Every structure is written in structure tokens, then in C-alpha cells.
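Across the two complexes that follow, chain A remains constant while its partner is chain B and subsequently chain C.
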Partner chain A sequence: MKARPIAAALAVLGYVVMLVPILFVVGGAFTAGSTLKFPPEGFSVRWFGEAVANESFSQALTSSLLLAVVSTALALAVGVPVALALHRGHIPGRSLLEGLFLSPLVIPELVIGLALYQQLMIGLKQTSFLALLVGHTVLLMPYAVRVTGASLALADQSLEEAARGLGSSPWHAFRTVTLPLLRPGVMSAGLLGFITSFNNVPLSLLLQSRDFGTLPVTMLDYIQQSYDPVIAAMSTLILAGTVVIAVIAERTVGFTKIFGGIN
Partner chain B sequence: MTAASPTAAPSTASTTAAAAEFIDIRQTFGDFTAVDGLNLTVEQGKITTLLGPSGCGKTTTLRMLAGYTTPTSGTIRIAGEDATRLPPEKRNLGMVFQSYALFPHMTVADNVGFGLKLRRVPVEERRKRVADTLDLVGLGHLAGQRPKKLSGGQQQRVALARAIAIRPSLLLLDEPLSNLDARLRVQMRAEIRRIQAETGLTVVLVTHDQDEALEMSDAMVLMRAGRVMQSGSPAEVFPRPANRFVAEFLGYENFVERDGRLLTVRPEHLEISTGPATEGARLALPATVTRVAYRGVDRHIALTTQGTGDEPVPLIAALRADETGPDPRPGDQVTVVARPDRVVELAG
Partner chain C sequence: MIFVARPKESNYPLMNNRPRAGALLLLPGLLLIVFGFAVPSAVMLFSPPGVTPSDVFVRLGEMLSDPYDLGIIGRTLGLGLVVTALCIVLAFPIACLLARSTSRWAGIWLALAVFPLLLSNVVRTFGWLVILGSNGFAGRLITGLGFADEAPQLLYTPLAVVLGLVQLFLPLAVVACYSAVAQVDAGLDDAARGLGASRLRTLWSVVVPLSLPGVVVAATLVFAGSITAYTTPYLLGGSSQRMLATQLFSYSSVTVNWAAASATALVMTVLVFLVSGLSSAVARAKGRVQ
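Take a look at the complex of A and B:
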């Protein structure tokens, strides 16, 4: 094989850019000192104890998880049928409709957030959870529609016809043939949606309230007040949680299969 | 097999021998007319082939029979009953798709058993019928495999088994061999004939391959632009094409006008004579050799002759390569002859 020094150098640079900041955060979390510094001063896990014990963090984590799970479920509940209709149905104005469902990708989140703040929270006096739920669901819609649609495009339509010919009703054919083939796409859309919601700052920043704040926003607030290793410990815990999810996803369905829908 | 020409009156009698009938069928998609006034009877227990170039309406005809598309007008009868608007799941037809359409998330056995499960065949009997059907297509040993692991030819057999297992009233094959390599394709022709003979199934086959149609059909229906051009048994149609389209499709390459009539001869039936015209020959055309191509079994001699107009008419003669006889060279002036029984007169 021919050695490609430039490609290799770029790859190394890529890894460095992606991994080194993580290293700083993880390293900083294990410091024995009381300020966030790299290299860490000594080794201790006491900041992890403090992070776990921090009530505002654990409350925010619960809020974030709840919001991410429910908004992902809602986005899939709307997005999967929309993807089906866009790919299989003969509906007028198809591209317009698809554009509508993909538009949250290009509309600034602050605009969506402001609109929801004005209308739902001020105008209709709804809770910040409801406003955030609507906001996040809208935000995740493009993932649900696009990723599911991509896996749907791979599922040959004659499969459903074959099932019909063998005696399936339209619903039975959909349930036994199309849906199982859609599963990897729905899984990857769900995973992407969950991560997007969990990490979201702009919308959450605008729509939070004293009763309901998400973890990223709460952490942001915390950093502005005290710059100590608790925040690094919390970040490390989130990172660990993500890795665990990734490993489980790889073991059960396989990453290639989950993200197979995209490529 | 009796496929009336589009202009003939539709057959109204639904005889017992008809597995399916198309009566005055028209199918349009927007401005496009896919099938235009089709009248066709598919006979019980035979292989009927719909043959024609792409866009001739053969696949649309098959899809209407299967129930995947509803004709714009006309009636389709299956086993004497009006089935024009019956959904596919109520027709009990076995269809083999060009892409096979095997369920990728199921094993071979589950694919084949899919239709039986829907028919609530008890587990024990289902298992037996799946095994028997897989044995029939020679794949008993692959029951536990996923379709993706199989070769194209094996997938094709699974698709066939899945369609046969439900004991359909008709077996529909949409270009079933087009995705196989040439050798396998020839094998599968015989294989499908064998399975048809063993099961006694009525088969409707769609193909654009004339060799496939000639070898496999009891009855063939040549279609063009949504209309039937000619139909009959291969032995009836092949030597007596009714018109220029059918003749060209079946490999007739020489067309000459004589006394206002259009005549055609197959390349292998043209002979080249360096002397004067043979006694009794129907055609005796002075011609000039333009090109000679050696092709192993035969030599293709390209010639031109003077037509009725100013344009020279191209001719192709296929001479057996091992034949001793004339050895025409480009530029030679020769006489092209054909036996009277080899010359076919066309309607137009």
C-alpha cells in the first residue's frame, strides 16, 4: 500500500482536534485541587461525588431526560407517518411539504424559541415544559422525516406488493414487512433526536423557567457563577453515559445498522 | 390460447378452460395509454407469454391481472368471476417479481410460509408444505438461510417457491429470468417448464426475450404500444409473423417489396448464388456484397439490393461457416435467392 503522509497527518489532526478537548475536561474532573485546571493537581474523585450530590444538576438531568424522551417520541410519532406519506403516497405539493418538515434545520432556533415564548408562555400562559416540548419536537422533525425516509427509500416497494399478493391486507403488509425494514431507520432517527434534544441550548435557554431547566442550561448557569471542577465531573459523567448508550446500541443493533439509514 | 386482435369482438363466453380473461381492457396513466383495448384469454394449465419491447404494456397487463393496478375500463375475469376491482390479497395469485421481492428480514422458510400463515394453515402442515415446495425448486437445504446469503439463481427459486406454496390459481412471472446470467437463464427456462408440468399450474409470463418466449410458451402474445400484434403457439407465430413488427421482433431481418407486397425472409434462409437464379426460387435479387462478418457458427453477409424506390435495400444472409459453397467477398455481384416456403408475406 502507498503511504499517504498528507492524509495521515490530516487524520491525526482530526483526532487531536476532537479528542484533546475531551481529554482536558476528563482530566480536569479528576483533579484534587479546587479550580478547573489542566494538568490536574493530584488525583481525586471527590468532584464526582459533589456533581452527583448537586440537587440542581440531578433535577435538571431528570428534566432533560424527560424532555428528550418525550420530544423524540412525539417527533417520531409525527415524522414516521409523514416520511411514509412523502415517499409512498401520491400527494400534491410533495416537495413543499417535505421542505416544511425540513425547515427547522435552517430556521434559527432563537426565532422558534422566541415565537414559542411569545405565543405559548406569555400569550397562552403555558408552562415552560410544554413550550420546550413543542420546540424540541419541531426541532427533531427533520431528523425523524429525513432519516426514516432514507431507510424507506431502501425498502423496495414491491416487497409490500409481494405481501399483498400472498394474502396480506394493506395494514398487515405494512406491519409485517415495511415496519421491520424501517426499524433501523427509526432507531437511528430516535437516537439522533434524543442526542439533539439532550444537547440543545438555544431553545432551552429561551424557554426555561425557575421550575424547569434542562441540564445544559443549568450547567451553563453554574459555570457563570463558579468555575470549579464539578462542571468537568458532570460533563465526564454525561460523556460516560453517552458511551454506555453507544455500546448498548452497538451490541444490540449495531452502529452500522443504526446509521445505515443515512448512508 | 385465443387472443383476439384488438379489433375483433370480445369473447363473451366464459368457457371452463379460461383461467383468466381480459375483456376490452384499457389502462391509461395521465396522457399515456399503457394498454389499449386488450382482449385476451389465458387458458387453464398452460404457459402464456406476454412478449414485447419495453413500454408495450405487457407488465401493466400482468399487474392488472395481479390487482396492483386497476384498469381504466374493461373487465378482468379470473376463473370466470369478475375480478376487475378485487384487491390483490383476494385473488390468490402467485407472483414472482423481477426483483424477487424476498422479505430480507425473514428466513427462506418464513418467506415461503408467509402466504400459508395468512391462510391459517396449521403449523405442522405448513412446515410440510414449505419443505415440499422448497424440495420442488431444489432448495430444501437452505430453509434456514436469509435471502441475502443466497445467489441470484437461488433467490429466484425462493421467489418461485413462495408464489407456488399458496397453491395459486395462476402463477405470474414478471421477467423472472432477466437478472440471471446467460447460462443460468437457459437452465431456469427448463426448470420452470418442469415445475409447471409437475404442478399443472396456469402460468402467465412476461418477457422481452423472444428465445425465452419461444422455448417456454404454450401460447405467446406479442404486444406493442398497448395492443396485441399477434398471438398463437410459438410454432404458429414464428414461421408466420403477421406484420413487420412481429417479424422484426422475432429476428426476421430482410424486408423487400415485390409487386406491392411486403415479403420477409430470415437471414439463415437467404442463399447466395454466383450463377443465375435457381429454378423455382421465389426471390431472386441481384445484390452487392458490402461486408462479411465471421461469427463462429455462421458468417453474416451484408448486401444491398435495388428496391422499388431509389434507396438501396439492405439484406443480411447468414451462411453456415463450415459450408462449402460460395465465398462472397465485399464488392461481389451476386444473386440472393430463397426457397418459396421460406418467404413470408406480411400484412404491413
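Take a look at the complex of A and C:
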């Protein structure tokens, strides 16, 4: 028995399962017909026009972008100082604290969503936007803490000590040595956070309201009612946007490094 | 170092001899995690509004003896295991081929496997609706090739959920397996081959055992993801293939039964904890070996 052909066959099957459904979505988006079919009936971009003109989609897109940007910024603003304290300060119980900050990764997102729905929206009568913001920021905290922490852990602390030893003020040493060391970690955590928030379903599902709906959940609701080519067109537009994010990632820190953790 | 003796204590600029500065940096994050996550989650799991902890545990007891609820737990675990096994069987060969390839295309193939991680689950799962839905590609292929007169029901079957979840978690498995295989020294493969071992033998006696801890971590990630995934079982399984996550959503938003929601959430959370406990035990064992 030869190992290589079997491995190659399994690998091909794996790529088919990962990528072919995405091609079906793109193919379906360009149909001229009125039902979602593959192969498409004729070629047309009219469904893209419908997707762009759809008011609930464009509103949801704005909401999703706003939520993703603000929650990513908040998670970084709160998470980077945490990473600094964990990696450069002398904090008792460091690994326990780190575990606490990573724990939103372990609790199922629906559980976090339902918890915030009950406590913030029903208990404290807060708006859906605030609950979503808290939920998404909590969800992104592990990335902010771990990814920026990783770039601090890799950097030699003696660089900062050398700057201090050479007479640099604490703030000057931070600005000229530590901050540049942090930059790739912050960039990676920012992109990861943005993508995670923008694509999130389980949290947004329970926390969104009629006034503030996110794009993935709005699409999910739409699919439940009818699955016509508008969803395929909208999906293709999201795919194009995601490719742009991937290119930005590749140009800055490296695409597989950020999203796969592969060096 | 000539110019400065390395101090014993941290000399980090912003918190030089000031442990309080460290505490100050931690405070906003701690407040957010405690009041925005830990406390609400604990309250929701054990005592949601208007429900006592004993109500939750009574409901949990009923759930663990009711055939319908047990069926959902069983389906969740069963599909999770099948998805995990398929993901590892497909991801490991991809990881080996990519990690050992010298081709300049390997980087592009790796990027293609990572890319779906960025793409919305709704978009990825929607592709299966086009393929498996009524009048979908698969149905017409089956009737067109004369395997059946009528297209079989493909959507809302366990098969649909498995396909969707494998598509969803395969990139994660590839990334984790790739890291595991890449850290096995390729020189060991060459040594085994040089000593006369076949490719299969080399794989089985060298690469597999050395990358096993990483593969176990990949498996636990996929399993934990599968048993908590919502979008894919919702779209491809519907109400006929209820899993814990879709059932939890139904208890929280449709029937609004918070005791049942908490009991379901407890089952899901405990399962995830057990699985991640296994993962960290493996990581610790790996640490001892190395």
C-alpha cells in the first residue's frame, strides 16, 4: 500500500469540502433566473443590485461594522494594558489571571449571550447596543490579551532595560521600545477581533433588537423566509470584503500568521 | 552586558518598583471580565431571573432521564464525534503534505485552507443549502444520473449537519495539525527512510507519534466547536436534527423556559470543560515528555 496517493486523495477531498460550497454560493449569485440554482440560469448581476438596494441589509451592514470597530477598539484599549501587566509587571497569580482573561473562549457563546440578555437587557433594562458591545468586547478580550501578550513574550525584556539603563525616561522607553514591539500584536489582534465580531452569530442572535440588527443574523432570518439569489449575492459581497481583509493581513503581519497562528 | 547589570526585579519602565501600576493596568480588564462575563454567566447557569438553583437542578435531572432530551444530547455528542473523526482524517494528510512540501505552491494551499476561518459561518453554510436544498445540485445530480427517480431528502438530515460542520471546522483542524507536523524535525523522516522504512512506516512510526499531542489538541478544538455550534445545525439540521445549541436557543427565545435553558447550558458547558480539560492534560503530558 502506498501512502502518498491515499494522502493526496484525502487532501483533495478535504479541499473540496472546504472550498466548493463557497464556489456554489458565488455561482448562484450570478444567475439571471429567479431561483437559486447551480449551474446558474444565464448570467446577470441583477441580484447584486437587489442586495445593495435592500434596506435591511445595508442597515445591518452599518450596524455590524460599527459594532465590530467599536468592540475591537474597546477590547484593545482594555486588553493591551492587561497583556502589559501580565508580561512585564510582577503580578501575583499571573497564570490564574491569564486563565480568567482567556475564559470567554471556553464558555459557549450562546451561554454568554443569554446571560447578558437576562442580566443587562431584562434585569438592568439596558439597550441592545450596550449589551452587544459588552458581549462582543468580552468575546474579543482573549484575542487582545493573548495575541499582544505573545508579541511581548517573544520580545526580549532587556531591550527595555537597556533603554532605561542608557538614561531614557520610563515614558520615552515605553514609546520608543515597547510600543513598536507591540505593534504587530496589536495589528493581529485588531484584525482577528474585527473578523470575529463581524461574523458573530450566537451572541448577536440573543442580544440584537429590531432597532439594531447585525448582518449575519439578518441574513439568517432572511434565509429562513426565502432563499433566493439575493442571499448568494450578499454572501459574495461579504466574500469580496473578506478577501480585502486577508490582503491587508498579508501586507502587514502575514495572513497565515494572524489567522492560523502559523509562523 | 557591559553597561548595565540585569536587575533581579522587573525594570519595566512604566511600573518600575510600582506594583500598583500593574494593578491599575489590570483593573479595567478585570472589571469587564468579572461584571460583563463571569458573574452574568454564573447567575445565568445556576439561578436565572425568577428561577431558583433547585429548579435548575430539578430540570437538569428531568433532562438526564427524558428520552427526548437525552436524544438531543446523544445526537450532539454523536455528530460531534463523527465530525471530529472526519476532520482529523482529512486534515492530517493535508498537514503532512503541506508541512513536508518544498513546492512554492504549498504556501498558497495553506492560505486557501486558512482563508475560510475568516469567512462568515452563514456564508459558508449557505453553500450547502444551494447544494443539498430541494431542487439543489446534489438532488438533480442523483436523479440526472439515474440513481433515483425522485431526489432524496438531503437537507435536515444528519448527513447535512455533518457535511456543514466538517466544512466549518476543517480549516481549524488543518491549522492545528499543520503546526503539530511542522514541529516534527523533517530530518527524522529522512533518517527513517534512509534506514529503509517505507513512507507509510515512516509516517506511522515517526510523524504520527511525535505530532500526536498536537493532533489531540486539534480534535478537542473541533469537538468543542461542533457541540456548541449554532448556525450550521440551525440551517442544515432544522428542527428535525435538534442539537444542544439549537435547543438552547429555542428554550431562551421561542418557548422562554429559563430553567430548561439553564439546564441545557449547564450540560453544554460541562461537556466543553471536560473536553478542554482533556486537551490541557495532553498538553501537560507533552510538556513532561519534552
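Note that the second predicted complex is superposed on the first by the 236 of 263 C-alpha atoms of A that agree within 3 Å, B and C clash if a C-alpha of one lies under 4 Å from a C-alpha of the other, contacts with A are read in each partner's own complex, and residues count from 1 in each chain.
As a working rule, a residue touches a chain if its C-beta (ideal position, glycine included) is under 8 Å from a C-beta of that chain, and two chains touch if they have at least 3 such contacts.
Keep in mind that this is a model prediction, so the values were computed, not measured.
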{"item": "Contacts of A:Arg164 with chain B and chain C, given as first, second, both or neither", "value": "both"}
{"item": "Partner chain in contact with A:Ala153 - chain B first, chain C second, else both or neither", "value": "neither"}
{"item": "First (chain B), second (chain C), both or neither touched by A:Ala53", "value": "neither"}
{"item": "Which superposed partner A:Val247 touches (first chain B, second chain C, both, neither)", "value": "neither"}
{"item": "Partner chain in contact with A:Pro180 - chain B first, chain C second, else both or neither", "value": "first"}
{"item": "Contacts of A:Val45 with chain B and chain C, given as first, second, both or neither", "value": "neither"}
{"item": "When both partners are placed on the shared chain, which of chain B and chain C touches more of chain A", "value": "C"}
{"item": "Footprint overlap on chain A, comparing chain B with chain C", "value": "158, 161-166, 168-169, 177"}
{"item": "Chain A-touching residues of chain B, taken from the complex the two chains share", "value": "66-68, 87-89, 91-95, 97, 99, 101-105, 114-115, 118-119, 162-163, 166"}
{"item": "Residues of chain C touching chain A in the complex", "value": "1, 3-4, 6-7, 9-16, 19, 21-23, 25-26, 28-30, 32-33, 36-41, 43-45, 48-49, 89-91, 93-94, 96-97, 107, 109-131, 133, 135-137, 163, 166-167, 170-171, 174-175, 178-179, 182, 198-200, 203, 228, 230-231, 234-235, 245, 248-249, 252-253, 258, 261, 265, 268-269, 272-273, 276"}
{"item": "For the chain A and chain B complex, residues of the former touching the latter", "value": "156, 158-159, 161-169, 172, 176-177, 180-181"}
{"item": "Chain A to chain C touching residues, read off their complex", "value": "1-4, 6-8, 10-11, 13-15, 17-25, 28, 35-38, 77-79, 81-82, 84-86, 88-91, 97, 100-101, 103-104, 106-112, 114-120, 122-123, 134-135, 137-138, 141, 145, 157-158, 160-166, 168-171, 173-174, 177-178, 195, 198-199, 201-202, 205-206, 216, 219-220, 223, 227, 231-232, 235, 238-239, 242, 245-246, 250, 255-256, 259-262"}
